[in-house]
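These are the structures in question, set out in turn.
What follows is subunit A paired twice: with subunit B in the first complex and subunit C in the second.
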Partner chain A sequence: MTPQIDMRDAFFDEIYEIGRSDKNVVFLTDDMDAFSLRRFKADMPGQFINVNVAEQGMINTAAGLAMCGKKVFAYGIASFVTMRCYEQIKVNIASMRLPVTIIGVGPGFSFEFDGPTHHGTQDVAIMRAIPEMTIFNLSDTSVASRAARLAYMSEGPVYVRLDKGAFPILSQEDEDFLTGFRVVKPLADINIVSTGYMTPIAVSVTEELASRSLDVGLVDLYRLKPVGDLFYESVLAVSERVVTLEESASTGGLGTIVCELLADHGRPIRVTRLASKDKQFVSYGRRSWFHGQNGIDRASVVNAILSGK
Partner chain B sequence: MRTFDNADRAAQTRFLMDKARWVRREVLEAAATAGRGHLGGTFSCTDLFVSLYYGGVLRFDPRNPRWPDRDRLLVGKGHACLALYAIFLDLGMISRKRYEEYGRDGGTLGAQLDITVPGVEYNTGSLGQVAGVAAGIALAAKMDSRQCRAFALMGDAELYEGAVWEAIAFAGEHRLDKLVCIVDRNRLSVTDVVGDDGLFKDFATKLRAFDWDYYEMDGHSFPEILGVAERLKTANKPSMVVANTVKGKGVSFMENEIRWHHAMPGPDQLLLARKELGQAN
Partner chain C sequence: MNRGMLTQSLGSSGITVPSIGLGTGDRFWDSDISFSEKVNLLKYGIDLGLNFIDTAEGYGHGAAEQIRDDLCAMGLPAVIVASGAGYMYSGDGPTHHAVQDVALMRTLPNMAILNPSDVASTIAFVKEGCSRRAGPTYVRIEKGVLGAIYPDGHDFSRGFSVLTSGEDVAIAATGIMVHMALEAAEKLTASGVRASVVDVYRLKPVDAQALMAELSRSRYIATLEEHSVIGGLGSIVSESAADYGRATSIKRLALPDKFAFSYGTREWLHAQDGLSSELVAKQIARWVTGK
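Here is the complex of A and B:
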């Protein structure tokens, strides 16, 4: 069995190699740490700056650096590094198509006990509204290291949602990562489209359903913007029913993306949107507890699919 | 571009005054034709723009506006764009035809600056941003040991934006000596007076406490502006330059009148303004 490594390590180890090979790479943080980042800071102090707790300033600094040919990574907690500096991202990065990668750690309910300020359930919706943005929502370490490389090579702005903790590897390194999605379980009449942290949960859902003689397909949509025609043609156009599964709020995330595509193509199939409620949760518990509250835990997803809702 | 030696300062001042008068007249005509523009805030910083572009302050090449080692000017108060369009017209960076597209449906020159215009470094419209973006440019210059400087021209009212103060703290802490912020201190915002009691109280002390150099000057006196510009060349910290200016400068009935933030002159006023500014060419 492949040893599991933390997703942040997979991502930042790749960033380390990129920084080593290109002195124009600059890493900014708003005082956010990660174990695997310390090596970057220690070995490349001239390319690493903690701007302190100042997201607007961090994004503006990133913009100025990128205007001078630097490849910039700006790192912080997903909710703050998007919402606290949204205007800066929209105007100073995106409107001028500057090659800055914003890395948001802690999507969904990964900051379990820190309340709605730290929950990353709205960032996808707002970052999607920026036309020039590419959004990666990482679902395992193989996607993480490839996304680091793709972000570095991008000529425009990129937003990467980076989770904490070890994840099972869902596919091979040699996969074509340019499509933005991967088929994790072969497509069937009913297909789950999941993203990020929810994809391993979706795998266990398909296994549970298979044990009850129901084969359900599973697609991991790890690039939430842009979503290419290929995703529609090879997944949505051949599905009889689609179940979307995400940790983001139901307003503006993966479920919205899928419904927009189906509407635009005039394909009237049943869609079940499983997502967090449109709500700020001033309540506290483990991530799995939040999933239960929102009906996106394994048992609830299995039931939703079996009940045909 | 014309250059002047030290003995010829009076001639240089006359040259700059004439350029500034010409720019204001071009701005007036473009705004009057389009029926839109921000004359008050454009005229308050016209002499600053003219000093930067014609007084040998900015290192740049009009024939190669993307020259990597150029100094960058980022304008916060992008609604003063007409003065820059006029300067770019004069320097041959945009055509007369394009200049006259200002304010037209589907035209390529709007009421804010954008980087599709040669010589424009930054998409304007959102206030309080350029100090921070210019800090990033100054940081890149420092990292690469390059001589290029980053100038950020801001209106005084936009200093109330919090992001400006994040930039002030950052630039002081990192000793970004290639950063120059210039404040067009015309003391009038869209609806109010920007006085000395609040944010601008003890402003020099505040900036020096953040490890910045601080200068104050008459923003309509070319000898003073160029004198400060000379001192900026040896900076070893970021510099804040407060230019005391008059909103609507150059047209008597617009000066210090808040309505000229975006008011347009009627026929009689237009004639009077033309008379005061003289011929365009």
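Here is the complex of A and C:
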């Protein structure tokens, strides 16, 4: 088994290599740090700008640099780097179709002790509504390093949701990550579609169910926009029941994406949408505790699948 | 907590508002004080009893985080009145088009979203927003003259109203598009397709079970909105269909997920995206009859 490394390290190590080989790459941060980022700052000071806590200014700066031909990465906390500067992203980046990659660290309840200002449970819904936007929601280091490269190669705006911590690697080494999804457990009648931080939890759910003689498939939808026809044809069209699992709120994330696709194709299968509640959590606890509050912890997901709906 | 603020009645609506409302246009947002100070000012005003705020959708995007943290998280009963829904500012380009606002506002906890389709519903919804004790209300308002749909005193409490009945296809529409849906339904009836029109004016919270029970009376379901195809009424109905075990084929008629850089009248912009009563009727007829 490959040694586990922090997902941010995997992503920023790749960004480091990209910055080394292309002087046109500029990295902006809103005063957000990461251990693996210090090397970039130390070795490429001319390509690194800390704009400080000023998200709207950072996005506008990114737009200006991109208009001058730079490839820009703009980094901040998921909740702030999307919602605080939504209009700047929509108008200055997306409407101009500029190659700017916005990196949101700490999606979902990652910043578990910082309250609802820091919770990233609405960012997918709002970023998805912006035309031209590509959204990656990273679930392990293999997709993290590949997403850094794909974002660099993109001609339009990209939003990357980046988690902290080490996660098991779910992919084969030669995976190219161009389809937007990967089958983690072979498809069955009942299939879980999960994304980001929830995919490792979904793996343990399928293991628990297998021990109870229920084989459930698992698909990791690591690209939330665009979602291609291939995902519908090879996953939803062959499922008898779909369970969606995400840490975002139920209003506009993965569950909504799946419901829209099923409605568009008129496929009347049962859907169980497991997501965070449409609620402001003004409470403090471990991330796993928040998952329990929202019925998206391992035990609740197992029960939801076993109980039918 | 009205601390001696001078109040008056709002037109003939019966709503009591402070004599001085708060305008949040350029003078407010572009003044020298910082953004957070403006938001604190807004909060202070609400605490004092201020319940009448005029803004436009375009300002709301820049203020999304403030709305979320300061109004939604705190459950404050502010009414956000957004002028310029959809392509209302049709000649001002994508900066002024409000086609993502429902997707955005819908993700905010405690938020209520009301999208009126005529004068009676507009008055009722401003009143409803003002009477909410906890949590903000987002009301999308129109300019210009719209045909009356509802009589005074109509009961809007269900969140949707059935305007016409037809067993072949149910068209769920919202806001200004309710008028287009009614015209399309007439054209459909003339061509032998019986269409019902359901005005879904409360976009949050939605009684999804009741809405699906109503829409499922017809064999097919279509949605019609002046909003991006992502995150608005089409998404709401798709989610509702899946959640209530009635997942079915739904035709989502909405604006495409792209920026509209063209300039013209609102109707012309709609038609570019296949939305006019003729085009809607044609698309639905072809879909329902398979021809």
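Side notes on the structure shown:
Here is the rule we use: the second predicted complex is superposed on the first by the 309 of 309 C-alpha atoms of A that agree within 3 Å, B and C clash if a C-alpha of one lies under 4 Å from a C-alpha of the other, contacts with A are read in each partner's own complex, and residues count from 1 in each chain.
What we mean here is this: a contact is a pair of C-beta atoms (placed from the backbone, for glycine too) under 8 Å apart; a residue touches a chain by one contact, two chains touch by 3 or more.
Values in this document were obtained by computation on a predicted structure and should not be read as measured data.
With both structures placed on the common chain, the touch criterion links A:Ile201 to neither subunit B nor subunit C. Touch criterion met: A:Glu87 reaches subunit B and subunit C at once.
When the shared chain is aligned, subunit B comes close enough to touch A:Val51, but subunit C does not. Taking subunit A as the reference, the larger set of touched residues comes from C, when subunit B and subunit C are compared.
By the document's definition of touching, of the two partners only subunit B reaches A:Thr61; subunit C does not. Once the two complexes are overlaid on the shared chain, A:Gly69 sits against subunit B while remaining clear of subunit C. Contacts of A:Leu37 after superposition on the shared chain: neither subunit B nor subunit C is touched.
When both complexes are overlaid on chain A, the residue A:Ile269 reaches subunit C alone and has no touch with subunit B.
Shared-chain residue A:Ile190: touches no atom of subunit B or subunit C. Applying the stated touch rule to the two superposed structures, the overlap between the subunit B and subunit C interfaces on subunit A comprises residues 56, 87-88, 91, 95. Taken in their complex, subunit C has these residues touching subunit A: 58, 61-62, 64-65, 68-69, 72-73, 94-95, 100, 103-104, 106-110, 228, 230-231, 234-235, 237-239, 241-243, 245-250, 252, 257-259, 261. Of all residues in subunit A, those touching subunit B in their complex are 26, 46, 49, 51-52, 54, 56-57, 59-70, 87-88, 91-92, 95-96.
Subunit B meets subunit A in the complex at residues 68, 72, 115, 121-123, 125-126, 129, 131-141, 143-144, 150, 162-163, 166-167, 169-170, 174. Partner subunit C is touched in their complex by these residues of subunit A: 56, 79-80, 83-84, 86-88, 90-91, 94-95, 116-117, 122, 125-126, 128-132, 249-252, 255-256, 258-260, 262-271, 273, 278-280, 282, 309.
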